[in-house]
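Heads up, the next two complexes both have chain A, just with different partners, chain B and then chain C.
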Partner chain A sequence: MDFLIFKAPILMVQASLDGILLGILFALIAYGMALQWGVMNIINIAQGDLVILGGYIAYTMYLAGIHPAWGVIVSPIIMFFVGWALYKLVINKVVDRDLFISILATFGIAIIFQQLMNFIFGADVVVAQSEYGTTMLFDNSVTLPNSKIFSAVVSILYAVALVIYMKKSRLGRAIRATAQNARAAKILGVDTEKVYAATFGINAALCGIAGALIAITLTLHPYVGLPYTVRSFMIVIVAGLGNLPAVAISGMGLGLFEEFADYILGTEFRIGAVFMLLVFILVYRRFKLSKKREYLK
Partner chain B sequence: MMNKLTKLFITFISAITLMLSSMSSSFAKVDGEYIVLGAAISLTGKYSSNGVHTQNGYNLAVDRINKMGGVEVQGKKYKFEIIYYDDESNPKRAAQLAERLINQDGVKYMLGPYSSGLTKAIAPVTEKYKIPMVEANGASRSLFTKGYKYLFAVLSPANQYLEVAIDLAVEKNGGKPVRIAQAFEQDAFSQDVRLGILDAAKRTGSEIIIDDKLPKELNDMAATLAKVKATKPDVLVVSGHTKGALTAIRQIAEMKVDVPMLAMTHCDAAKLSKQHGKKSEYALCASQWHKNLSYKDKFFGTGKKYDKDFKKEFGYAPPYQSAESSAALLVFKDAFERANSFDGDKVRDALKTTEMQTFYGNIKFGPGGQNTAKPMILFQVRCKGDTCENKVVAPTKWASDKFYHPIPKWSERS
Partner chain C sequence: MDKVKQKDLILYSGLIILGLAAPFLFPGFKVQLTILCVLIVLAMTWNLQGGEMGYNTFGNILFYGLGMYLTASVQVGMFFPLAEWTESGGEKTFVHTTSQYFQGMGVGLLVAALVPTIIAGAIGYAILGLRGHYFAICTLGLGIAAGEIAGGIEIIGAGQGFTTPPFPKDIVDPGARGDFFYFLSFVLLIGTFVFIKWIYGSRFKLILNAIRDNEDKAEAMGIQTMKYKIVGWMVSAFFAGLAGGIMGGLIGYIDSTDVAFDGREMGVFMVLMAILGGKGTLWGPVIGATLFHFLKEGFWTLILGWQYVALGVLIVVIVIYFPEGLMGWLREKYPERFGEVIDEKDRKAQVELK
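This part shows the complex of A and B:
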């Protein structure tokens, strides 16, 4: 196999489109992570598991005979409250300690979520059928599943809506104010406690949307959350906090990088290449985690 | 605060329990009228659905054998009893539990766990203590090349899973070599299936044009399938447990990948025909067992009878993981009776010379402990309207339907 992709250039088109469509979905998850990280300085290891839980909500609807695509509306609503509850029950008790404790806490949440999903939904791999069909380009040599196009469009719509909400709404402005300077925001009358809970809820809702999209494009299993956490972590590291266009571009870049690594290095190095890239970026980007906690009780 | 009396009482109770437990362990291999077997099974964690299938298979066989007179050793009738522990789908935990079963519960005979990985974790322990283990769910070839003397597997090893499919492809190609595209997950089992394909390709002079190894974390095969589309092989082989089977069918259908033949593993574990319906039609699947095979024994009768009894007891159709687990008990019973003794080494020697037919298939152990008497079967998913079924198509001896080849192009499929 000496570089099939160069012999058949049409594969590059296929790879690019696959990568971009997948990348947009990752970017949505990463945006939630960036938001939460930026506002309350929490790296959420359970991010991927929230995604999978969102997927199972859509899958449950599918089993009940409702089209799983409605999951992109129902799942975020339920997940918002799951996120809110998680904040009230766990996160606000550990958030003012050091970063390590909050990572441990979310790691614990991840394990509990995995086991609960395994207990409730079983250990079988499941898929929900959207029956959206396929779009064919260039005389059937490039195929795009409509479910992937749908998921990219939905991701973009939600992301745009969120950006507008953050700019215009009262809560959005409160969140941004808190992210910039929690103490000042509090003095000026922002209920920071509510802001933190809402941020956690919004992040969980974004995960819920992504999960519903994964249910119709990929597969669900209680234990496959971690790869989504790792990918969104990478995207955030590259893009920085609180910068949505950068998150979107780095998400698509990662998707492209993965697809091309698959063709050029071989499928077995696909994930390995992603981790190599992570090391490279961590070394050269000199990403600084703020040492001082800015959380205010 | 506990008063002195309570403390004394607790000490007393624990002393008694300790005494009892050490006493019972010395009898535990054969406890009164019971022959006690030990098993670590994945009742929670990622293998829990197949773990439960395994346990149900064991339990059905224990019930049946006990009801039909039990095991006769030296003129006395004994019944089977199994001590189960939950290994949480974790190899380290499985090895610990094997130690515990042997050292604390005094178990002298073991049944296997679910999956090759967990069997691999337990086998060194049972070897160390010279405990015979009959396992039904570890197919990895590497289990049978380590020179284990106390390990016996009723199922066919992993490298045999899809070899037959390549032979079939060559046959359909008029005896000429074929071009193979393959994608295997990077785990012990799938890589063994891959070795089988490499052997078959060498034997038939076939060429492997795509040889992708899928990382475990990956649930997107779009790149592999795009390569398949571009190179147009004669046969596409995919093995990556249930996730691999479901992902492959989903994306083959979405990307409209046309291949004349698609061979896979884990179709029935993935409930392929139920989850994907007509999209999964024509997929060729390797299976250890199918209810329509003509084997039989006096405990379960035929495969069809087993299927019926299992459904009645547990409310779902038995996957092959259950059938082979039931067969493991039949093997143990046979070995105890031929050894006519409870001595571990005598039982082991009897196991080694096993030659019998069960509803699950013929069983005879090769030098490495693998079952050499039973071929793998292939079934093909065929649909009528919206209901899809698995039809046995190879080997020809048991084929209920003709193998449909080549798969119609997506543009011609409704």
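This part shows the complex of A and C:
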């Protein structure tokens, strides 16, 4: 094993910390995905592009001279309305249909978003400087940008706030009722159409927060949305719908996997590794399920 | 019955004559016509999965890209060291003679047909066990993973791309290259059409339909669904690989994510073409691909820069408003033409109910 990471074990600490902090961010996006998947039964391929759009909102603020960290407050507000509008324009027509239709339709939305972002913000890789500095650990051998710590803390705060909101508020209860049984909820007077729109808006807002955090911790580019979609999809199928602790843990697991894959396989295979992991997870799941089916026989 | 056959005969011979004459009638559009043939092949093979079997795949792009890389690699590797070729960017140091070029192309296409078929068979058992949207997402992941991985492999050009051998310079006729690729793709198109038409008349198609309509029931009826699903996928892989090989030679340059494993364009195009024409019909993908090609070329030249926005809007509109496609719409409008018998009383009752 002549990999750098095995020669210098301190790199493992670096990769683990990076992975966990990154994973928390992924978990936030995945939580949005789980929410809309569970409530509306659609798979949103444009999820990652909503994230990137949220990031560009923070980046625009950065260009305008405002500290990009304020993006974590502004971006979700704007993205909520983007999500709401998107629901009214397109998503409401695919909610009760075949899942493949929602996949294709959101794929179309993803393409539109990518191209529009390319027009407005250009095709360069950009980053919003937060100038938070870095923390050095273990005799300066592990560097940890403070922006990553900031992003993890903000993600956790928002996730906790959302969980409480879903438990306590009227809208939250309506959303959970609709997720359990849309028809029954409708009969009992829940305006499901409004619930769906709000759910999609909340999902987009979560994407907006994650995007603003990505703008300060990682990089933005109009065409990197799809990997975020796939990551959140993966986390959701591993964790299951509506199981928040599991979402957090599998998000961190994915972050760890990515960082180690980055060190071992090389950065050029990082995204490839993510997509291969998706295939492996699905295939593993298929064999596990088919075994279960055999017991039934 | 004879009358119908005679009509078919006139239709098919007319189309073949049109196809043969097309490059001479429209010499300026040879490349477009070649691409059209390839698009129809891809749409028809996608339709075998998405339309007939009910497995909406984004993964046929995997075989298309594989075929493209394999053809070019074999064509170069048979005569020259592949690594040096990709490093030098092709053409400058090594030159294929005429016979080498065609020999390499022939063997390359053979490999490009067989290897994807074998791969489809090998991974089929694992992948085709997935159902519905899990299958769709998994195949989407496969296609993109393949592109990302191909973009990291040095010997096939990695991120810089791979220049396929240029058409031999000994052939002086300037139209020869266009003619060669056009007729190659036209032969592929006819081969694909004949094969799929044969499938349409066979028991195999009925089994695929049974899988689409209710897989568990089909299994309960004693059909070994997995076997047929894999065979269906292998058929698609065979033709998609060939189509990729031809496209690679035509374009002359292979990039891992923009040309070969181009999930964002070709991978979606094939789905869209089949849906536009009407999935689950023989002629749907053909009509859909032709229409789509015209639409696309219109978008690409008229509104340059906005083409992806237009494409996205097109996808959304087609998927939401015309999920049954052109053939589905026609079928609803003129069911008699499709051999469906509708009871007149029943229809009247329906109207009254409305």
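To be clear about the criterion, the second predicted complex is superposed on the first by the 273 of 297 C-alpha atoms of A that agree within 3 Å, B and C clash if a C-alpha of one lies under 4 Å from a C-alpha of the other, contacts with A are read in each partner's own complex, and residues count from 1 in each chain.
Everything below uses one rule, namely that a contact is a pair of C-beta atoms (placed from the backbone, for glycine too) under 8 Å apart; a residue touches a chain by one contact, two chains touch by 3 or more.
Not measured: the values here are computed from a predicted model.
Engineer: Name the contact category of A:Ile109: first (chain B only), second (chain C only), both, or neither.
Structural biologist: Only chain C is touched by A:Ile109; chain B is not.
Engineer: Which holds for A:Ile66: it touches chain B only (first), chain C only (second), both, or neither?
Structural biologist: A:Ile66: touches no partner chain.
Engineer: So, A:Ile77: does it touch chain B (first), chain C (second), both, or neither?
Structural biologist: neither
Engineer: Considering only the touch criterion stated at the top, classify A:Glu268 as touching first (chain B), second (chain C), both, or neither.
Structural biologist: Both chain B and chain C are touched by A:Glu268.
Engineer: In the overlaid three-chain picture, which partner chain does A:Lys93 touch, first (chain B) or second (chain C), both, or neither?
Structural biologist: The answer is second: A:Lys93 touches chain C but not chain B.
Engineer: Classify the contacts of A:Leu226 with the two partner chains as first (chain B alone), second (chain C alone), both, or neither.
Structural biologist: A:Leu226: touches chain B and chain C.
Engineer: Is A:Gly122 touching the first partner chain B, the second partner chain C, both, or neither of them?
Structural biologist: It touches chain B, and chain C stays clear.
Engineer: Please work out whether A:Ala15 is in contact with chain B alone, chain C alone, both, or neither, and reply first, second, both or neither.
Structural biologist: first
Engineer: Check chain A for residues that touch chain B in one structure and chain C in the other, and list them.
Structural biologist: Residues 115, 119, 226, 266, 268, 271-272 of chain A touch both chain B and chain C.
Engineer: What does chain A use to touch chain B in their complex?
Structural biologist: 1, 4, 8, 10-11, 14-15, 18, 22, 115, 118-119, 122-127, 129, 134, 136, 140-141, 143, 145, 147-148, 218-219, 221-224, 226-227, 259, 262-263, 266-268, 270-272
Engineer: Residues of chain C touching chain A in their complex?
Structural biologist: Contact set of chain C toward chain A: 56, 126-127, 129-130, 132-134, 136-138, 140-142, 144-145, 148-149, 151-152, 158-159, 264, 268, 271, 275, 305-306, 308-309, 311-316, 319-320, 323.
Engineer: Spell out the residues on chain A that touch chain C in their complex, using ranges where they run on.
Structural biologist: Chain A residues touching chain C: 43, 90, 93-94, 97, 99-101, 103-105, 107-116, 119, 226, 230, 233, 237, 266, 268-269, 271-272, 275-276, 278-279, 282-283, 285-287, 290.
Engineer: So in the complex, the part of chain B that touches chain A is made up of which residues?
Structural biologist: 44-50, 183, 186, 209-215, 217-220, 222-224, 226-227, 229-231, 241-243, 246-247, 250-251, 254-256, 270-271, 275-277
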